[in-house]
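I am attaching a structure below and will ask some questions about it afterwards.
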Amino acid sequence: MTAMQSYLDIKDLKKEYVQGTPILKGINFSIEQPGIIAIIGPSGTGKSTLLRCINRLVTPSSGNIIINSQDASNARGKMLRQLRRQVAMVFQEYNLVERLSVIENVLSGRLGYMSSWQAWRRQYSQHDINTAFELLAAVGLSDQANKRADSLSGGQRQRVGIARAVMQDPSIILADEPTSSLDPKTAVEIMSLLERFASEKNIPALVNMHDVKLAQRFATRIIGMSNGHIIYDGPPQDISDDILKEIYGGESWLD
Amino acid sequence: MSQLNHQWQRFTLAQKLSRYSVYLIFVLALVMSMRTVEIIPEFFFDAPEQMMDMFSRMWPIDVAFYPMTVHSAIIETLNIATLGTLVTLIFAIPLALLNASNVVASPAAHWLARFFLVSSRSVNSLVWALLFVAIFGPGVLAGVLAIALRSVGFVGKLLSEALEEIDMGSVEALRATGAPWGAVMLKGYWPQVMPAFYSIVLFRWDINVRESAVLGLVGAGGIGVVLNDSMNLFEWQQVATSLLAIFAVVIMAEVLVVNIRKRMI
Amino acid sequence: MAGLTPQQHKMHPDPFPRKPWHSVLSVLVVVYLVYSINTMGLDWQRFIDGLGHADKLLDRMFPPNFSRWELLLEGLLESLEIAVISSAAGIFLSLFIGLLAARNFMPNWVSVPVRGFIAICRSFHPVIIAILFVKSVGFGALAGILTLIIATIGFIAKLFAEAIEEISFKQVEAIQATGANFISVILFSVMPQVFSRFIGFATYQFDSNLRNSTMVGIVGAGGLGGTLFSAFQRFDYDFVAAILITIIALILFWEFLSTLVRRIFQCRS
């Protein structure tokens, strides 16, 4: 990846769900380096909406989203699916298919590369199957491979979710509050996993979180949002208390 | 200091009025119906005696009649019910998908699907059978289609309700991987809907067994034809044989369905 | 922990063990389809021919002919009468029969035969019961009313018995502890628990009786079904269409009314 080409470019992104009440009021940033980028900010400030605009689970009201130099803002159909498989998502509620086995959940990360017919016949390539088992081993769940997904604990399910995301061979990982439903120790384990995969694959991971300490520990860059705007974008060590107050404290997000 | 007398009413005035109106309308309807219905009182008081007479003519049951005609007719009835239920799925599944707000978003599609589902349910399978006998002639084809079309509304409605109740989380995750629509349906919707699907189909099959038994009365095949013939010939003992066969089959079907459902849970 | 750099590619086992019963089921279904289509002698040609007839039939059905609206109205009113009377009588009787069938209120020598009776009422299709009544009490609304009373008992009495078996005795005890007499106990502890469910059952059963009342006429038990059947036999297909439209409208109208009724009785302040 040359320095000129960025992983992700967001230009003047706006979104309103209800006419007259915008959630995202003009978001601008780009990602040119791999590693963990943490987005912090209070609830309701649009962090989740921002992430979902990137993989178009939500359609932006205006603005541009450019993923690896391809414009995702208006993509549809096959084009959209191709863009989506480059962007892997990890969810707060894990969003695994409960009735399927752990290994099949990991393999479902490849569904963007297969036809429905192949999916029905479960025609995953041997290479994919091998990779899936290796990923499961990497997240420490080899012995759970054939268990049903709903028999796992929260932390284990999130690890499967991460394995599924990496299975997509993405160029960027989005994680929407991946640790908010987990206890502090498990949260650290999950963040370590994300950090490891991001560095091994040399890709950025855009992670929403509300635990600032955790963010400062793992992120190489922090984006602070408040009231639908970005009000901080820089290294974690430079976040002062004043800035934190502006993000979380004050009534600025009520206006 | 004044003492406040709190007033407590179980229902507000508006609610009381509407409840009383319903009671009133119901009583009115009942009274009017009883006054206008054409019943000859003698027949009414005669009824128990007449019924006893008929039952006595049915005894003893003509067992020899069974292997000749009743057996193959009952098998035919079961086939009508089963084949009819299978054919229903061809129509019911697409309509259920169109009607589910979390599968297809367009309100026009919902209205269209709902129109077909409601019309199919509003017409009795016997009436459908009459229609199809007029079109396809007497025989099993009319029966199968009558069962199939009547069940579309039932299965389609329950299936779309089951679809709307699933947790959309895993569906969202699969869409986010860029999976095509078919794969999202197969891996996201289907695993969650599967138990409800089988339950609904079994439930409807059970009802269809009952319905298929009578379709023959209008010529649409099955044991109904044998029943009709026996009655027209006043062969009451043979009628009893057919009735017993129907009863046995209905009970067996119910036992089967209950057991399969127990296994599924 | 292992990294992701490709090392020795272990051949991993296929993670999808063939679930036998899935394939058995699909094979069974296909075999059944072939078998049943053959035994019943269904053939494609007959179906295609039929579609041709269907076309002609639809032509003759439209536009629907309402000119004999008096006949239509007569049948409609009779169906309504049958539905109303049989629902009222049936529900009334079911209250007692249901109580007799409740295993927590009645000894076994009472509840078991009563439950058996209810089961028999449920097992037979209303049309069969209608035929039996027509043969014994003659043509007309009486047979229809008796038929639907039986059908109502089969459904309402069973549900009522189950509802009684499910009531929480704690609420009953609480009211008994205040020293209230038996009737008050029933009114204040048993009734509130079962009443709103009861409204649900009653509206569902009326819907079912309304549908059936338009059908039992086919075998002579009165109502719109008789009008329909004669129209069919005389090949008056445009009148048939009118009757069908009336039936559908009637059922839709009741579906609308019943949601209203349920809302009125569900409102608890």
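Note that the chains take the letters A, B and C in the order they are written out, and that residue 1 is the start of every chain.
FYI, contacts are C-beta pairs under 8 Å (C-beta built on N, C-alpha and C of every residue); 3 or more make two chains touch, one makes a residue touch a chain.
Since the structure is predicted, the reported quantities are computational estimates derived from the model, not experimental observations.
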Chain located farthest away, centre of chain B as origin (C-alpha): A
Select, from B-C and A-C, the pair of chains that is joined by more C-beta pairs in contact. B-C
In whole angstrom, the CA-centroid distance of chain A from chain B equals 48
Just the number, please: Cα centre separation of chain B and chain C in whole Å. 6
Chain A-chain C separation of Cα centroids, rounded to whole Å: 50
So in the complex, the part of chain C that touches chain B is made up of which residues? 29, 32-33, 36-37, 39-42, 46-47, 49-50, 53-54, 57, 77-78, 80-82, 84-85, 88, 123-125, 127-128, 131-133, 135-138, 140-142, 145-146, 211-212, 214-215, 218-219, 225, 228-229, 232, 237, 244, 247-248, 251-252, 261, 264-265, 267, 269
Help me check something: in the complex, which residues belonging to chain A touch chain B? 55, 57, 80-89, 91, 93-100, 108-117, 119-120, 161, 164, 168
Mind listing the chain B positions that touch chain C in their complex? 9-12, 15, 18-19, 22, 26, 29-30, 33-34, 36-40, 43-44, 46-47, 50-51, 53-54, 76, 79-80, 82-83, 86, 118-119, 122-124, 126-127, 130-132, 134-137, 140-141, 144, 210-211, 213-214, 217-218, 221, 227, 231, 243, 246-247, 250-251
Inside the complex, what are the residues of chain A that reach chain C? 101, 103-104, 107, 122, 126, 129-130, 132-135, 137-140, 145-146, 166, 197, 200-201
Can you list the chain C residues touching chain A in their complex? 1-4, 9-12, 14-17
